[in-house]
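Listed next: structures, encoded as structure tokens.
In what follows, chain A forms one complex with chain B and a second complex with chain C.
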Partner chain A sequence: MAHLEVRNVRKSFGDTHVLKGISLDLAGGEFLVLLGPSGCGKSTLLNMIAGLDSITDGEIVIDGRVVNAVHPKNRDIAMVFQSYALYPNMTVKKNIAFGLEMRGVPADERARLIAKTSALLQIDHLLDRKPAQLSGGQRQRVAMGRALVRDPKIFLFDEPLSNLDAKLRVDMRTEIKKLHGRLGTTIVYVTHDQIEAMTLATQIAVMRGGVIEQLAPPQDVYETPANMYVGGFVGSPPMNFVPATVVDQGNGLGVRFRCAANGGDGDVVLPLADPAAAAQWKDREVVFGLRPEALTDYNEAEASIREHAHAFDCRVDVLEPTGADTLTYVELGGSTAIARVNPRRTTRPGDTMRLMADMSHASLFDPSTERRI
Partner chain B sequence: MPADAVASARAADTGDAGAGDAGARGWLQRHLSKLVVAPSFAAALIFFYGFILWTVIISLTGSRMLPSYEIVGFENYVNIWRLSRWETAVENLFLFGVLFMGLSMALGCLLAVLLDQRIRAEGALRTIYLYPMAISYIVTGTAWKWLLDPGIGLEKAMHDLGWTGFAFNWINDPDMAIYTIVLAAVWQASGFVMAMVLAALRGVDDEIIKAAWLDGASLANIYRRIIIPTIRPVFLSAFVILMHLAIKTFDLVMALTAAGPGTATSVPATFMYDMAFQRDRLDFAATSAVMMLATVAAIIVPYLYSEIRSGKRG
Partner chain C sequence: MANLPAQAAADTLGARLGRVALYAALGLFALFYLMPMLVMIATSLKDVEEIRSGSLLAWPQSVSLDAWRYAWSEACIGVECTGLAPYFRNSVLMAVPAVLLSSLFGALNGYALTKWRFRGANVVFGMLLFGSFIPFQVVLLPMSQTLGFLGLASSVPGLVLVHTVYGIAFTTLFFRNYYVTLPDDLVKAATIDGAGFFTIFWRIILPLSPSIIVVTVIWQFTQIWNDFLFGASFTSGGAQPVTVALNNLVNTTTGVKLYNVDMAAAIIAALPTLLVYIVAGRYFVRGLTAGSVKG
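This part shows the complex of A and B:
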């Protein structure tokens, strides 16, 4: 249960600036997921926290102590690598024991800890095998065992599930979550899978090009993305972005955009749930962001309960059934948007259907800076 | 006319192909690869294995300058040990082999580990260390002969610089001359060991080493417990290659010391040459050749066997 702080950390390799000032403050027991596309510097940041890479500028603080100059072995951190990095010449048992042995833990204590850890991860029957004789999922467990057995202050995971097949990934995800619940250790976890991020994290840091775009609990990242990048990166399918104009609407404000319906082309105005926030943007261009599940088929009963649900007509371009919902592609304000529609209420492509937008889940972005308004 | 010619050619072609499977051409096609390797196979059979057999037979005869075929049994294999020359050669081989392999391995590994620290100009250094391997032993031997010659080499250079007390005349000292051969051979082979070991070190996953750091291992422990066991097959290969180089050493000795002073630096290969072409004892030459072959085979055959077996498993 360690408190981890990263203060304005930078990393350059010669002229390439990989991390451009990263700051984090993570309370003990939190599960932070670093989420970002390939090459954005996630592994680099993790390596710097572990002490495996030098820090160009800034500080890393664990439990109030600056650890920049502390050797990795003295930071009391364990890491699970993407390649698992098991020692190929040692059996599973020796792999798990190696860290204990290097720290001078006596043999009987080692045996006890190995037994406990291997029982926890259900790898007792594999203890005498070499890594080459294990499957991917088993190797993953051994790698976790090697980290767990030392009972470190902080766990670092670098894309631990990306080499597993889809089914195993879901299982292991659940197990990691359970494990965190049981151990309560501070965890920093790297992934570029946003479902993994949403399910595991207590905090998500969305990274791009060496900066953190947003650091917030998963639900906040999902519902109130700090900018269009985060909105587009988190969520599948991503947030819809509709170029629109803020206009007067009744005694509040609304967003107006073009939308084809019933064989013609017309304007749709949807009233904003929180007009005060957009007051300065009246008569100006904005980007109106709406999650696909906030754009659904019209349903009278639901429309009457939800205060900010508004209906409009729109022509359907493409249908993509997924089973639970049918993803319905429409054109709003000249860009493609996706609605999640009940499969029993779809129409044929080219037809007009009545959609309902839940404006309490709408976001507005500045089109030039792409930031949230 | 040309069109006609093409048409008839095509007709002939298809006709041939139709009958091809049964005809001479089909036979050729099926056996072409065998035919192509046949000459080299035959050459190998005659010139390698044929002459090995011939040498074995000669070693069992009482041949002198010219081969004779009166079998005397294993007499030569007993008598050869009565020759002090052969004894010197075997002792030298043992001394040379142990030192050469030990030092080349140690130096090669040291260089590889140092080069593995991601230093600048690694490419240039690697090439410099590897170059000696590209030189023939004759050139190495001649160059080192000049360097070690007290009248023109290192000793003279030191004297010219003013250090007149400096003495380095191993090459003329019957007790020390063998070490000059070790020196030249190590100079030549350690770069090769370095290249092999460096490649293997680079093959070790970076993340494994990072994991070991986090597990609290010291650099010495990382090498001892993880890296060296992981790359052990490479040590075995390097060892086998050095070993057979050591046993076959001939040209280096001839160029550097000509097996002298006296016979102080003779090795089995120079012994064999001497017996065959200078002393008119073809029987002893053949005997020594067979014994060298047997020694090399005793090392290489188990190695190849284990390689092939692990290849099948892999």
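This part shows the complex of A and C:
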């Protein structure tokens, strides 16, 4: 359980700035996911924590010790690679033992640790095989075993599941989560898959272009994204962004946007759950963000118990059934929005449907800076 | 529809004829290439009288190994009548260490150039590459001065040094191109596991290199064993390699020219490279294509 601190870390290659001042503070036992598209610098940051990449500026601190100049092997970290990087010439047993051997752990102690780790990962029957004789999932386990056996302070995972097929990926995801629950070790995990990030993390750092856009627990990232980029990157389908205007509505404020319904084109005004926050935006353009599941079919019973649920009519453009929900495409304020609708309550494309927006989950963004209001 | 089976039969007949023609052509080419070898072997087994009277292509009437024995241990090379044996020994003492050393340095260079990329690695590699295009005649004079300075002139260790130095350009090229295809993550993983530069080399990189080692060893052995220029330039007398000794043996004539001895000596001098190809040849082809297919 190690405390990891990254202090204003930068990485540049000449004039190319890959990381532009990254800071984060991770308490012992946390599971941090670095989430972002390829090229955002997340793997570079991981390599720098591991000590495989040099640090241009800033400090990386593990348990109060600045490790900038400490060799990777002395940082007490272990890393699982996307390609697994198992040594092809060694058996599974030797692969797992290699790190122990390099650290001078006696043979009988090594055997005990290998037995313990391989039992934990259910790879005891594979110990005498070579990596080439293993399936993708088995290789993944061995790669994790090689990291686990040393009982390091921090685990680093570099997109460990992206080479697996979809089903195995879900299984391994659960296993990694269980493992973290059991061992309680600090983990830094790199991925571009927002579902992996949501399911595994206790903290998500959403990265873009060498900066952290938001660092927060997954539910906070999901519900209150710091900017439109985060709202659009996290969640599938992504958050709906509706160009709207803040207007007076009863005692408070509401968002007004255009929407086609019942053969005409009319204005819809939805009252804001927290008008005070948007007070200085009155009569100004904003971007109104709403998750697809906060935009659903109208249901009288539900509308009556939810304080901030408001109904409005809208013409349906496209239907995409997914089984559990039918994704219903509508046009709000000139941009496409998706509603999650109960499959039993859908209508035909072109018809008008009564929708319900849960305004307690609404976000407002500044259209020029794209930041959350 | 009735003519279908007949057509099929014609096809198989045509295919068979094609096959026969193919094998006949291949056999002819094989014979063409093997003919000099056959003539050499046949001639080396005849006695001088038979060579003078008989046809060049005729098979020996009585097989005799006298010419081989003479070439190995009695023939005069210059003024010393010791046969090829001591010079053959020189070649072994020259080729084996030179092949091992140049391959080892090539492997280390290739590993450092690909897995521990340092500033200017590409420039260093470019310069090494240039080394494989230098005509060896250019370096004869400076090299002989260097050998004299080191006290290695006209000695087998001197030749080992020369061949090791000039082999490194080629061996580095081979190993570098092979190691480029090995994933860098292996080195990163081993670094985190606590292995250093040489441990990673011995424990992980070298065990993955047998095919390229075979290619390099065959290439280097053939080059070094067959070398004449360096052997003739930097050694004299008892330190000469077998290629130079063969030349001197053939040129040392008193009276009748002993073609059977010349032929036997030539085969003896060529035997080791032949043997290396027979033993490791199939790895050679495999190693040359290694890395071209992602594995």
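Here is the rule we use: the second predicted complex is superposed on the first by the 373 of 373 C-alpha atoms of A that agree within 3 Å, B and C clash if a C-alpha of one lies under 4 Å from a C-alpha of the other, contacts with A are read in each partner's own complex, and residues count from 1 in each chain.
As a working rule, a contact is a pair of C-beta atoms (placed from the backbone, for glycine too) under 8 Å apart; a residue touches a chain by one contact, two chains touch by 3 or more.
No experiment lies behind these values; they were computed from the predicted model shown.
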| item | value |
| --- | --- |
| Chain A as common anchor, with chain B and chain C clashing or fitting | clash |
| Which superposed partner A:98 touches (first chain B, second chain C, both, neither) | both |
| Contacts of A:72 with chain B and chain C, given as first, second, both or neither | both |
| Touched partner set for A:89, first chain B, second chain C, both or neither | both |
| Contact residues of chain A, present in both the chain B and the chain C interface | 47, 50-52, 72-73, 77-79, 81-83, 85-89, 98-99, 102-103, 146 |
| In the complex, chain A residues that touch chain B | 47, 50-52, 72-73, 77-79, 81-83, 85-90, 98-99, 102-103, 146, 150 |
| Footprint of chain A on chain C - complex, ascending | 183, 185-186, 188-195, 199, 203-204, 207-208 |
| In the complex, chain B residues that touch chain A | 205, 207-208, 210-218, 221, 225-226, 229-230, 232 |
| Interface residues, chain A side, partner chain C - complex | 47, 50-52, 72-73, 77-79, 81-89, 98-99, 102-103, 146 |
